[in-house]
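Same chain, two partners: chain A is paired with chain B first, then with chain C.
Entry: the complex of A and B
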């Protein structure tokens, strides 16, 4: 035991010496760790995150906002597996050059990794984790996505104001779907509406006919869908096949070009919210879309924008924390102080007490196979 | 004498040399990886008793691992039980579930048993996922306390390493005694030809249930260790793919061999971590290693027969000198 302690002191001294040497050197490297599913079943999201984050960091390094400092991104593949996520969290925590971490993709892995970051005091900013308990792990957890506690009641009000008094709810059976359905139902009931059915489908389900039959029987005025585009498009197609005419309200998770490709005409008429609108004419959004498209041959979608903003929020925090002299604690404080950050997914602030993000949502509708902004 | 030396070398390696090397190469990360390997070693050794020694291909082991993890997590977060109570209770609860769930499948053999256990694993996973009031469903259980004892040690990488290492050694001891004995021979007889074994007077169904119960006990303890060392569990950690991972570890290491089970866990969890620098190609390399090891060493890297003789010689198992009972090499 004694030997280990001595080793530790020695290691710390070496690190300190290395750090002080580094600070005096001309070009210092500050690293951001990025853990995401680069392989496995969620690889399509991880790849998009890597693209966006690389774009953001390259732009930052070229901009010269931190003279003499190069920001380096260190990617690790978590395969959306909690085992790997925790290992990566340890790896990043051991890496003294890393002052902040972005990721992971889904809440399960982000939560498991978060337990480690809370212990090792590394600020963690997830671009997508929407688990209600995620930011409650410790004061080191942040996220750049509206939770359903904010989005659900907003969609409920939208549906209610459009004339729907009875809704049926369908959502995916995972942490996100649970809170999407729960918050929508709560919001809708608070307005005086009734919820006819609340159905959950297990991830990977492709046949929604039994749920649709059940829904049709209770004759709702509208249907709320809490799903991602793979399941969402199958649901929309089968809804049309079954002859259900009710309008569909959905969360921002359906704002994906793939939804339009997979569902085809069945997607027309769907109402949904989004924080990021690729067709936006705002100069900073248009510039991001143009740069992304030029580099990766494809328009960025919601998750790409989410990761781009998360990276830029982290970079801002590193600048605020002193650039070359940034430490993990300082970066955490700077993240917590993020206010009115002009991101491509809307102006973002972190609530200083709860660390929950506050973002404005735009309303969209699918018309003739396109997402169109509506009032 | 030889036995004493072998045991001390093993203990020295696991309890002193390995942690020494790990802290020398830089602490946290490798301790974490080794802890995960330790948990999966226990899982694979336990599954090995069912699949390797008794010859029943179980595809539902992740489900039992999940029951253990959830029992521990619920006891630790709701009733604030310490780890020395949660772990054994998780083992017993899992063993009871194992027996109850396995009873109807005991007359099945071969592929039928495999598919039945696949169903069991899925039932457990879907129950954990959908029984929201009790398991919190997909939200998972967070803030599970680590392994600590007031006044003696607190939760840290090293504590978790030692907890997992000591329990893995105990599991190896118990499972080793079970397989390297007359009892183990009876299990192997059931594997080779259950009708023949029954005609020799062995209670085939009884033996199968017992091996299932022992294996589920350790799967439950492994689940408990996973819950305590990670602090957060959700049903996603106990999917069918984990059962397949355990099966792959067993087959790569060597069906029916306990050191093989450990080696399988080391390779299939250690290799992806070692290969992180090569990025996107790492899982291809892991797949290739699995493919070629099965192709060239179909009995596993540490096959059953060779390991049996080595273990018997080195640890003096299956031979009692005082009673002059057992068999010699």
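Entry: the complex of A and C
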């Protein structure tokens, strides 16, 4: 009996080896490294990235766009820790099958790993790192997210064109909030508008009435909010309670289903931007939402879409770099040449000089408790 | 000259201060009796808010019933907290242990431990995000009085703090439980010698203090539209500052100082920026401690 079992195991092994040999004889594998926090504090984001990337690669392999080549995804867990990020970067760099890397989640880890990739000349594409210095590390760094330097002036123009000549600005007191407020203010002043107040609130603030009273005194035409959805919804509720009627313009950080739940009717009328609109009726976006939901039980949010596009941009670059013959250098050049990539987060191009992404933002308004696209 | 915006800022400040005061009342009561900071008070506050929220989402009762639910959970939390974090350190009866600083610090740390465990558990169960609150329960309905805008929650918080403060004073001065609480606060060993059941008194203190904390958590959560596991931390720090400024064991003093802190924050926001609000609040604390080392309303020996 024992012997029979052993025989069976041996047979299976032989079969497997034969199979995989056969496969590799006609099929070449090209790998993409994906580093993201799959455990720890930011695990919810890493998990979403893994879902989206797996979905994109499976679709790609099935599509037969590269006959004879299988794309393989190699995931490593960076735990949102810069030290881990560097270790993974070394590991990925040593893996000859990897022609490009996607990740990491936040700017700190992405930049730490980026130092390694810059030396080992591996193209790195982060789906979310928005720190201004990230793409300045070397010509191997790319990102698939707009920075505030792009979004701020765009919202400023939107507000100005809608008739607001005086705005009050409120933003969270951290690096992101300061750059959101700073870029908006700069953009708005450049258009000839005036900024009545620029108020920063400490993270964790629950009471915005003092700031609202201050804003009420200076009577702006509109209010710009650079905050995340939890603070944003508290602000919106208290704004309604205090009787301020000014329209609110906000960054894409408020594009979150939770905002509608938390703020309720107070969210109605808010103008905001987003690169990804889950309610969109465009066929490729609707298909992504449908496939994602079918596979992972839950609608994709902005971050899922960002990772899905990053993976597809990388896949496109691999195709452009020659598929089976792709090298890291060729993939980098192909990435840099990305132009008008039609993704679910809008059309994306990389600026040839700065490698900064140029993504078209959709304009949204909350109407009757729903995000609605507006012109 | 009558500046309506400045008056509105004073209203804002008053309502911020009242939130700190609501929390400081229970906090100071417990400190007064045991002379130990109860770091888990913020979590009792959170438990009250979550218990109320669960009642709202499961049963949707009238607000009065929701408050009763929070009250019940607060009492239970206070009882459990005393059992887990405080009682084990009172099993040594000799005079040296009673006066030992190490035992006091151990109690302080055990309450901190309970606070962290409870908060993390809540984050595991409910997630660290803010919970969605059904709109009709939010205490944010605008009420306009002349040019000033109020929310219905502000009146409720104002009424609640008066009821709590008044009720507690009456309880402490006119009931048996209250008298024993004051006796134990004044001299625990003396109280024991004259036949007061100190253990039971301490439990009663925790139950009363935590009930007040839980109701405060619920009302403030509904007023701010923010119920989440770490919600007790920020007001807890301010309540602690108010308690220290007020002289550690004076409940009225803590309330007055909480109002000063709230006003200071609102007025600082008005003239400088919101980011400076905390700095001014802590500056007040430092000034108080330099010029009144026993707090503004401390002084005497009598506690509670």
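Annotations for the structure displayed:
Going forward, the second predicted complex is superposed on the first by the 309 of 375 C-alpha atoms of A that agree within 3 Å, B and C clash if a C-alpha of one lies under 4 Å from a C-alpha of the other, contacts with A are read in each partner's own complex, and residues count from 1 in each chain.
Criterion: a residue touches a chain if its C-beta (ideal position, glycine included) is under 8 Å from a C-beta of that chain, and two chains touch if they have at least 3 such contacts.
The structure displayed is predicted, hence computed values, not measured ones.
In the superposition on chain A, A:173 contacts both chain B and chain C. In the superposed pair of complexes, A:237 makes contact with chain C only, with no contact to chain B. In the superposition on chain A, contact is made by A:90 with chain B only, not with chain C.
By the touch criterion stated above, A:265 is placed in contact with chain C alone, chain B being left untouched.
Of the two partner chains, chain C is the only one touched by A:204; chain B is not.
By the touch criterion defined above, A:324 reaches neither chain B nor chain C. By the touch criterion stated above, A:115 is placed in contact with chain B alone, chain C being left untouched. Of the two partner chains placed by superposition, A:286 touches none, neither chain B nor chain C. Contact with chain C, but none with chain B, is seen for A:213 once the two complexes are overlaid on the shared chain. The contact surfaces that chain B and chain C form on chain A in the two complexes overlap at residues 173, 200, 202.
Contacts from chain B toward chain A in the complex involve residues 20, 23-24, 26-29, 31-33, 36, 126, 129-130, 132, 137-140, 142-143, 157-158, 230-234, 236-237, 269, 272-273, 276, 279-280, 282-283. By the touch criterion stated above, chain C contacts chain A in their complex at residues 5, 8-9, 12-13, 15-16, 19, 129-130, 132-133, 135, 138, 140-142, 144, 149, 151, 224-226, 228, 234, 265-266, 269-270, 273-275, 277-278. Looking at the complex, you find that chain A touches chain C at residues 173, 199-202, 204-207, 209-211, 213-214, 216-217, 230, 233-234, 237-238, 240-243, 258, 261-265.
Within the complex formed with chain B, the chain A residues making contact are 3-4, 7-8, 11, 38-39, 75-77, 79, 82-84, 86-87, 90-91, 93-94, 108, 111-112, 114-116, 120, 131-133, 137, 173-178, 200, 202.
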